[in-house]
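After this come two complexes, each holding chain A, first together with chain B and then together with chain C.
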Partner chain A sequence: MFLQTLITGLSIGGIYSLMAVGYSLVFSVLNFSNFAHGAVIMLGAYVGLALATRFSLGLGLVLAGSVAGAGIIAVINERLAYSSLRRRKAPSLYLMISAMGCSVFLENMVYATIGSRFYAFPEFFGRQVVNLWGSSLSLLDLSAFLFSILAIWALHLFIGRTKTGIAIRAGVSDMTMCSLMGVDLDRLISVVFLLAGGFAGIAGVFLGIKYLVYPTMGWVTNKAYIAAVIGGLGSLPGALAGGLILGVVETFVSTYVSSVMRDVFSFSLLIAFLVMRPDGLFGRSGEEKV
Partner chain B sequence: MRKIFASLCVMTLLAFAGSASGEGIIRIGHTVSLTGGASMWGQSEARALDMLVKKINDAGGVLGRQIEFVRYDNRNDGVESVNVARRLVTDGVVAVIGPAQSGNAIASAPVFERAQIPMVVTTATNPYVTIDQRTDAVRPFAFRPCFIDPFQGTVAARFAITDLEARKGAVLYDVGSDYGQWLARYFEEAFVAKGGEIVAREAFRTEELDYRAQLGKIKELAPDVIFIPTSQKEAAMAAKQARDLGIEAVLLGTDNWGSPDLIELGGSAIDGGYFVNLTDLADPDIQEFVEEYKAAFGEEPVLPNPVMAQDALLMIVDALTRAGSEDGEALAEALANISDLKVTSGVLTVDPADHNPLDKPAVIQQVDVPNATFKFVKKYVSVED
Partner chain C sequence: MDYILSIVILGGINMVAVLGLSIFTGFTGLFSLGHAAFVAVGAYTSAILTYYYYVNYYLALAAGAVAAGAVSLIIGAPTLRAKLRSDYFAIAVLGFGEALRVLLENLEITNGARGLPGIDSFTTLPVVLTCLVGGVLVARNFLRSRWGAACIAIREDHVAAETAGVRLFRTRLLSLVVSAVYCGLSGGLLAHFLSFIQPQMFTLVQSTQLLAAVIAGGMGSLSGPLIASFVFIALPEALRVAQMWRLVAYGLLLVLIMVFRPQGLLGYSELSSLFRRGVVREGERRL
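Presenting the complex of A and B:
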């Protein structure tokens, strides 16, 4: 039972991490919580769904298409809703409010155009179960977990090793200085949103396969937001660790305390971190993030 | 004080508005989920009602007058349902069809009761739709054509014990839903009374997606059957996650499973599951309706709501005819005394003591994913048979 709980917790946490990365990326550069991220994840899931059902593509192509689709949606979202605020140096609170508006707008767009019904992805993995020391784990969960870790690691390398990555890190530490040194800020921020959107695409597809696709599926991202805060908003290793910790803690609370108490615990954890350690586990205020 | 006075004024106004109506037209309210999670049934329900009302109007209407629907979307939401109820009261409808869900119906009932407008719900199966939970007295203006949850829960338990030969049962339900909470209780009581044992009772919150923690606990206790009184969305996710954890127990559900998209959403995981339903497409009594619906809309009705909504309309029409007026109290009196009325689902008699239909049958269906259909398994006319 203990091991099964741990495995289930890690597999839930893997998805939280994937979603938390999107929050952290945007927060690290623009210093605001992009609450439209959940809606982008939802749209990513719909893109993946269309590719999987209309064009009967395999999982690899569905993921690629969804990454591209959600990435572009995130960039457009930034251009339309945030860039003018950003240029006018509006306080980050305004950006956050604009993000909330976008989230409601996008959800209702889907209601109005696609409708409120639920959809399911085709069964890519069948119902294959992997047995680990007497505990069961579906092949889907295992693949989703490994893929999430791999994607986050790839992002870590990208930011650490490439020229664009260095520019992003420069932007994180000082935006004004960065632009004075000749970095095209608009382009840089677009790249950040493209990356965050790409992760939203991956998260959307896995969420859609694991659960269902429907307009308000993005609400689950409030958990990812807690994960990002626990790990330290703006920190990639933090997003990963925060997601896994939250997934495991939640599952243990559900199993050993009460399933109804689960969210009481999650949100208490959020408050506790905000009060006692607002920078999270890995956040270093004012210093280098990402 | 001023606030209380103001709300009293509003209430009085609403009460008076209830008795006003248009010339030559009888307006019947319809509160239905045209959007939101229950929209599939809601849309189908609205179509079936429009189909039937056209027939009634073409045949001369009721009391020599035409029937017209005043229809609002309650989005399957409690607060919105109350708003819709208030709007229908101000619109001066003579009677109301809906809401379809127990929680929404229980929330709307007091509004219609104050305005003295009879409400005939379609598929709200909770006992407290027609009985006031605080006073245990029957609600004078609430009626329904469908069976109630104690019956449904008992039928499910009986089927589990006798046909599935289950001895150990588990329950997974939504704590945020009146429907699920009560059904879980009725099932447990009946299951234990018939000699079974409930080994696990796990709950989740509305809108939650992951039940693996709860299911992991259930798995340890190895039940023969898991009772899941939820709608098709939660049932599909629970089934997938249960099978992923290697749980082999039979899955057993309730009438809210009965949506065609259960098969698409649940896939192979839900195959072989059983559930209780109000009607079955194969039921000989409703064949005429099914054919007519298919001819008109080119697809099968999303049961059971369209059938139950037609029953509700036929109840109101019968009551209007017998009462000879559209006065709320006279209508309620007539509704309470419906007997042997021919309705779409069969023949209906209302029990004046609790406003529930007498001897409403329940069917057990089995999910057949390869053939994308629900197989008719068995019909219960009462729990004793």
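Presenting the complex of A and C:
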């Protein structure tokens, strides 16, 4: 029972991590929390759903298509709703409100055009079960977890090893200096949103397979936000660790305490972290400078 | 006619809440993404009082406002004492609001997610107008008092204000409590106008709508947010023919305001100052 709960928690945590990475990536560069991330995840799931049902593609192609689709949507979103605010150096709260507007807009756009029906993905994994140390795991949970870790590791390599990755890290530590060194900031930020959107696409497909696809499915990104705060906003290892921790803790609370209190517990955790350790477990120091 | 009357009443109720948030965000310079929670506390407190205990309507309204003020201390005291970055504070209040909503959805006395139906509809136009006019007068006097001056000083530069002897924590907390009381009153009015409340009415979207009205109307202005909030209520109602599309339009509007006129409708000035001077500066004339 204990091991079973732990592994279920880890697999949910893996999806939280995927969402938190996208959130954190945008936060680390632009210093605002992108509330439209949930809507991009939702759109990514719809793109994946269309590919899987209309063209009956396999899981690999569905994932690739959804990554590309969500990535492009995220870039367009940045161009239209954030870029002019960013160039004007508007306070981060204006960006947050603009993001909230995008989220309301996109969600209701889907309501108005596609409708509020719940859709299910075709069963990629069937009901296969893997036995591990005496507890049975669904193949879906296991592969979602492994794939999440793999994707985040790939991103880690990309940011650490490539030229673009170095530019992103430079942008995180000082935007102005970075642009003085000849980095095209607009392009850099587009790349960041492309990556964040790509991760949103993967998260959307796995969420859609595990649960269902519907217009407000992006609301679960609230959890990703909490995960990012626990790990430290703007830190990639933090997003991974925060997601896994939150997933495990939540599953334990709902198994051993009460499933109703799960969300109250998560939000209390968010406030406790913000008050007592606003930089999270791995975050950079985020004091408000004068 | 009834239809227009109900829009006016809803607009007025919303204005009371916006008035409170305007004191907190517009004049003290702190952002909140969870003020719908205080509206919810006011609505549920007053509704439960009149519904289960047959308390007098006006007493219930007052109790709702006081309860909202008290609840705001729970989240305000730790977060404001910790001097969180402004956007972290906004998120902390957001988390609080969501947690409170989950609680409301699962409590026995609030009837859970199904909501409370059949609350007596006591709220009429005169009541709303009295609350609104009273609210404006109180807010104006508050802002002209020593406390109000301290709030504005904190908005302009909190480090300088603290050096000059303004007590940061106490002033910010006072401002939060005052704004929560306004929201609580608005909630009580809302519950007894719609005669039905459910937790789903007090989500993040509602909080955003309140904050957007303050920002769209202009930070540091009382009349600007009031006008903006009325537009935000009237516009969705006017678009009700296109039921599906009104929230789409609302989201779009938020983005457009942020992109094209972030200083808000009136910026730092009041409506009356436009008439008084007779000359409108160039920046303010563009709408």
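Note that the second predicted complex is superposed on the first by the 285 of 290 C-alpha atoms of A that agree within 3 Å, B and C clash if a C-alpha of one lies under 4 Å from a C-alpha of the other, contacts with A are read in each partner's own complex, and residues count from 1 in each chain.
Just so we're on the same page, a residue touches a chain if its C-beta (ideal position, glycine included) is under 8 Å from a C-beta of that chain, and two chains touch if they have at least 3 such contacts.
These numbers were taken from a predicted model, which means no experiment stands behind them.
**Student:** Taking the superposition as given, does A:Asp141 touch the first partner, chain B, the second, chain C, both, or neither?
**Tutor:** first
**Student:** Return first, second, both or neither, reflecting whether A:Val260 touches chain B, chain C, both chains, or no partner chain.
**Tutor:** A:Val260 contacts both chain B and chain C.
**Student:** Touching A:Tyr111, do we find chain B (first), chain C (second), both, or neither?
**Tutor:** Once the two structures are laid over each other on A, A:Tyr111 reaches both partners.
**Student:** Could you look at A:Ser24 and tell me whether it touches chain B, chain C, both or neither (first, second, both, neither)?
**Tutor:** After superposing on A, A:Ser24 lies clear of both chain B and chain C.
**Student:** Which partner does A:Ser190 contact after superposing on A: first (chain B), second (chain C), both, neither?
**Tutor:** Touch partners of A:Ser190: none, neither chain B nor chain C.
**Student:** Would you sort A:Val229 into first (chain B), second (chain C), both or neither based on which partner it touches?
**Tutor:** Only chain C; A:Val229 stays clear of chain B.
**Student:** With both complexes overlaid on chain A, does A:Thr221 touch chain B (first), chain C (second), both or neither?
**Tutor:** After superposing on A, A:Thr221 lies clear of both chain B and chain C.
**Student:** Applying the document's definition of touch, where does A:Glu250 land relative to chain B and chain C: first, second, both, or neither?
**Tutor:** In the superposed model, A:Glu250 contacts chain B only, not chain C.
**Student:** Under the contact rule defined above, give the chain A residues that sit at the interface with chain B and also at the interface with chain C.
**Tutor:** Overlap of chain B and chain C footprints on chain A: residues 111, 260, 263.
**Student:** Could you pull out which chain A residues touch chain C in their complex?
**Tutor:** Against chain C, chain A makes touches at 32-33, 80-81, 84-85, 88, 90, 92-98, 100-109, 111-112, 222, 225-226, 229, 260, 263-264, 267-268, 270-271, 274-276, 278, 286-288, 290.
**Student:** Provide the residue numbers of chain C that touch chain A in the complex, in ascending order.
**Tutor:** So the residues of chain C touching chain A come out as 31, 33, 75, 78-79, 82-88, 90-92, 95-96, 98-99, 102-103, 106, 159, 204-205, 208, 211-212, 215, 244-245, 247-248, 250-255, 258-259, 262.
**Student:** Which of the residues in chain A come into contact with chain B in the complex?
**Tutor:** Within the complex, chain A touches chain B at residues 1, 4-5, 8-9, 12, 111, 115-120, 123, 126-127, 129, 131, 136-138, 140-141, 207, 210-212, 214, 216-217, 219-220, 250-251, 254-255, 259-260, 262-263.
**Student:** Which part of chain B faces chain A closely enough to touch in the complex?
**Tutor:** It is residues 35-37, 39-40, 175, 202-205, 207, 209-210, 212-214, 216-217, 219-220, 232-233, 236-237, 240, 243-246, 261, 264-269 of chain B that touch chain A.
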